[in-house]
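Chain nomenclature is as follows: A, B, C and D, assigned in order of appearance, with residue numbering initiated at 1 for each chain independently.
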Amino acid sequence: MTGTTERTRPMRPSLTRRRELVPPGRLAFRRFLRNPAAVVGAVVLILIVLAVVVGPLFVPWDPDVGELIDARQPPSAEHWLGTDLIGRDELARILAGGRVSLTIGFLAALLAVTVGTVVGTLAGWFGGVADAIISRIIDILLSVPAVLVIIVFAGILGPSLPMLIIVFSALLWPQSARIARSVVLSVREQEFVQAARVLGSRTRYIVLHHLIPGVLPSVIVAATILVADAVLSEAAVSFLGAGVQPPQASWGNMLNDSKSLTVLTLMPWLWLPPGLAIFATVLSTMAVGDGVRDAIDTRRNA
Amino acid sequence: MSALLTVDDLEVHFTARSFTGRKRVIRAVDGVSLEVAEHEALGIIGESGCGKTTTGRAIVQLEPATGGSMHYRGKDVTHLTGSARRAFNAHVQFVFQDPMSSLNPRMTVADIVAEPLRAYGRWNGRAGRDRVSELLDLVGLPPEFGSRYPHQFSGGQRQRIGIARALALEPEMLVLDEPVSALDVSVQAQVLNLLMSLREAQGLTYVMISHDLDVIRHVTDRVAVMYLGVVVETGPADEVLDDPVHPYTAALVSATPPSSPDEKRARIRLQGELPSASNIPSGCRFRTRCWRADEICATVVPPLSPKGDGNRAAACHHPLDLAAPRLREGIATP
Amino acid sequence: MLRFLVTRLSSSLVVFVVIAIGLFVLVRLAPGDPADALVPLDANPGDRQALVEQARVQLGLDKPLPLQFVLWFGNLVTGNLGFSFQTNQPVAQMLGDRLGPTLLLSGTALAVGLLVALPVGIAIAVRRNGISDTAVSSVSVIALAIPSFFSAMLGIWIFAVQLRVLPFAGMNTPGDSSPGDLFLHLVLPVGILALAVAASFIRYIRGGMLEQLGQDYIRTVMAKGSGPFRATMHGFRNSLIPLVTVLALYIPLYFAGAVVVETVFSWPGIGQLAINALVNRDYPVIIAFGLYVAVLVLVCNLLADVAYALVDPRVRSVR
Amino acid sequence: MTVTEPVLSLQSVNLELKTPDGYVRILRDVTFDVAPGEIVGVVGESGSGKSMTALTVMRLLPPKARVQAARIGFDGDDLATTSPRALRRVRGKRIGMVFQDPMTSLDPVIQVGRQIDEAYRIHHPGVGRAEARAQTVRMLELVGVPDAANRARQYPHQWSGGMRQRAVIAMALVNDPKLILADEPTTALDATIQAQVLDALARARDELGVAVVLITHDLGVIAQFASRVIVMYAGGVVEVATTRELFEDSRHPYSAALIQSRPGAHRRGEPLVAIPGRPPLMTDLPEGCPFAPRCASPYKSAVCVTDRPELERSVDGRLSACHFRDHHQEVVA
């Protein structure tokens, strides 16, 4: 009876601002666009990726071969960024090296995030003994420095690209696994997941409609951090001589020659550009990650 | 009166592991027997940690029973999986306490209410959408709210959405877990009125779990009082709450604030605290806080046995006298 | 507590044995024959075959693999890590000689980094979203994005090449072993490493403090009539719980950074030893380095557990 | 007016908080008095400003909060104009505060006794540990903590919720204050524990003569413990009355509806008097009476939508913020 009296008198939530009617996903995207650092980061990152993908088409020099006569030239109209110790064009090498560095970075991060998300999700979802063991493995692996492990592997088996990617992803997945696990744990605690069970939803529906949308944003943030991590680690390893081997260029090994004092003092064009390239890539990736994290922070949603 | 749902000696035990890896068994529900008749409203009352919520969750298969049995219309429903569970849940639904966390913030209200329809293949384009509007209307929400998200609603409106979702499959029975305790006082009454009118209109059976004696007294016909995983007293709501037989019920009633300054209540102030569910006292579980306890209470577990005219039952060696002056009018007890 | 320590310690030992087996297998998988590598290439080809066989017996390579492992592991726990292919010195001794400089460099950097990060992290958390917070947070993000070898080169270029106030590399000027000289050589590498430490810990401390300062008990402390300093110290004590764990877990990662910095600065530490061994395929040294990393990681994990239990009364008093 | 000076006297207290969308007014001209040694209840729904009122008195507000008040009189001082430094000597010493959730309001890594010692020693700089501890144990015993001396050496996680709330009350009492602000002190506790804790608070009032402002949404608690009630709605005081007056003869439609909407006030199964709708958002207050959109009073008229009523006395001296404060009486009579 009272139910009817209230039906004739519908209550309208007072909607003071239009934006409250926007779906949460689009709201997050708008918040991202309002974060200047994140937008600049995204633009820089896109430019870098574009440059290393299409850039080599416009540079006439072979990145791996040089003429000794051309060696050690400072930047000029012909060689925009100068040439290295054996006469290879520095710009061509930067672009080619970028391809290698970014491929390793993105591939390793992608692998790590996939493995980590799956393992972390399973651990969080099923709990119990499996979760305890996985959590312990995650804890230990988190404190294993990838660079040192690569040195050991490269020292014994010899350096190679597949090994780099495998070891990086093998040591980076725990980061995303830990994040995925904790998000799954909290989503699982949310009553709407339990409600779905009582409402008769099948596991497939629950995973697709409740779990994945809940986990995905955090996983995206984790992925950006992993890309930054992988790019930095690849650079360090290649710099130490345990990663990408010459003549193939990578941003890390391009700096290897510059350990010599002559290069360091007299030829800054050989070490400043690759160093700055790594720096710009990592910084913009981190800015994008921060932006995404702030944008999806649900505490601001209310 | 035939029982719709029978719960016999239900046990729900959990195993917890401490930081050092030591195991503890938490006996959240430890031998609960209940009967719910068709169209009846049964209230389960008790303080936090008494196992009332776990009992409700076990009924709808949200917690696995570790002992005992449950029958629904004579069919064993103790451990259901897969399609049997889905068939059962179509008849018995659950309403959660927290209307914020039980609604997915990333889904629209229409999608939330439609979830059970989709799960049971009763979502067929237009008909499904009409059903959602109908359900929203039923709980007093304009159908155009379907395109909005949960965070745009007040607590009371969210709880209406949760109720609409639970009603989508036209269930026979609702288990309501503290349905109004997260709501503001002025909104509680709206939701309680809705629940009462729905029960009448749809012929629903309720199992309502609450710590609020006034709410239980108002809505339910019969109550079961729980303490530390067991039922200590059952009977018609008015009788149990006005003339408790079990000392714990009496203490609970006397601790409930009065509804007006004139109402004087017996002051029974329990000493001590609720023992842990992993370390349950021997004999009567209430004896550590009971002023009537003696040696027998420490050794013999009191069974739930009939009291008074047979409508009532209590598990106590030294029950309070039913003929004594009514508690609500005020007697002095130690 | 004791029970907990014993279980954790024994599980660490198991992991250590697994890693040792892994390294052992890895060496067997490695290209080339260690016995062959021992015999000089210029030996008479006829004699060479015999010499290689002799070396094989000497190295115990003729025995079955599990036995080889047991022997090798037995040697390992008694401190016999074999001899370097390159210098023929005992590897344990080489590692021991390099440990001091590495600990000096990394330890100082960790200490300096934390000494900077603690007050700064707390201060910007208290004044969150202020100008100082924004500035420090931005600087720390930038510091985290610079690869350490690049910042090391920039440091050398600026301070050693352009300004000429600090030495380029090494641990001391040849012939000068005074503490003052050592200090000058420490400044740049420690500075570079400490920057990375401070950058990441400022973020941790700020985050931890922000979380604690938002807790209800802080309001209780304020309601007692205490000033902002006392309230901050309450928050700090609580933020230490996650912090010590993170710190212990991160120590191995900073040692990785130390390898890079040691290489750039020709610092005579373990990292430089490892890179030399890498270039020369000096297996015994590489394996020893691998074991060193494993021990480091396991000890730090154990340390994290213990520290966690020590700082948090909720864990300490579990009966 | 009265013989005794009020210990706390709020006059036109306004509060604005900073939100992402600018400043929002949370308290609107809050005005009431508290007499020495009395227990005054403050009721209202979540968001009505009752907790913010207590935090404003203590000035424990979020950063960038703006307070404007004619006067916040306390024991001879005006807290509205007191310097932050001087205010620290009021907090914890002359006014104690008890918070809602005892599980989170104690520092988890410090022994319970130490935390109470600290409250004492902050305001008694020369005092030694032993003397502070003696005072702590005395207060813990007063609020009914058994074996207080030993339990003081335990950490909060070793205490149950009810015991922790007693510890917080002991902490608020340790400097013999004139006033205690208790913000939903038993909302997080079970019924039997709630009764014990409220008894402890009442005993403190009886033995130490401290005045208590009891903030709660539970009218039953008010009925049992408070002698006077302040009803708040949408950031303002809508009615001030003695507890008996409020329950028997309320002069504001909101208070009346609140009392009528409780299940305990009805016969079993009969529809409850529900207040339709929901409280307004503080960002979006109606121009007239904030309660007008939900008001079911037969006197409701155009003036309710256009003019905001002030808290004023009715003909027979009752305080109500309703345009028809004089008419409700007739309805009841």
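Going forward, a residue touches a chain if its C-beta (ideal position, glycine included) is under 8 Å from a C-beta of that chain, and two chains touch if they have at least 3 such contacts.
Small disclaimer: the values here were computed from a predicted structure and weren't measured.
**Q** Can you give me the shortest step count from chain A to chain C, moving only between touching chains?
**A** 1
**Q** Quick one: most central chain, C-alpha centroids?
**A** The chain sitting closest to the overall C-alpha centre is A.
**Q** Using mean CA coordinates as chain centres, what's the gap between chain B and chain D in Å?
**A** Roughly 31 Å separates the two chain centres.
**Q** Hey, how far is the Cα centre of chain A from the one of chain B, in Å?
**A** 48
**Q** Determine the centre-to-centre distance between chain B and chain C, using the mean Cα coordinates as centres, and give it in whole Å.
**A** The computed centroid separation for chain B versus chain C comes out at 56 Å.
**Q** Do you know which chain D residues sit against two or more other chains?
**A** Residues 271-272, 274, 276, 278 of chain D each touch two or more of the other chains.
**Q** Two or more other chains in contact with one residue: find those residues in chain B.
**A** Touching at least two other chains: 154, 157, 190, 193, 196-197.
**Q** Listing for chain C: what residues touch at least two other chains?
**A** Not one residue of chain C touches more than one other chain, so the list is empty.
**Q** Flag every residue of chain D that touches chain B in the complex, lowest number first.
**A** 45-46, 160, 162-163, 190-196, 199, 217-221, 223-224, 243-244, 247-248, 257-258, 261-266, 268-269, 271-276, 278-279, 294
**Q** Given the complex with chain D, which residues does chain C contribute to the contact?
**A** Listed in rising order, the residues are 215-217, 219-227, 230, 234, 237-238, 241, 311-314, 317.
**Q** Which part of chain D faces chain C closely enough to touch in the complex?
**A** 58, 60, 88-93, 96-97, 99, 101, 104-110, 115, 118-119, 122-123, 155, 157-158, 168, 171-172
**Q** Touching residues of chain B toward chain D in the complex: what are they?
**A** 47-48, 154, 156-157, 184-190, 192-193, 196-197, 211-215, 217-219, 237-238, 251-252, 254-263, 269-270, 273-274
**Q** Touching residues of chain A toward chain B in the complex: what are they?
**A** Against chain B, the touching part of chain A is residues 1-4, 6-7, 10-13, 15, 20-21, 23-25, 190-192, 194-202, 205, 209-210, 213-214, 298, 301-302.
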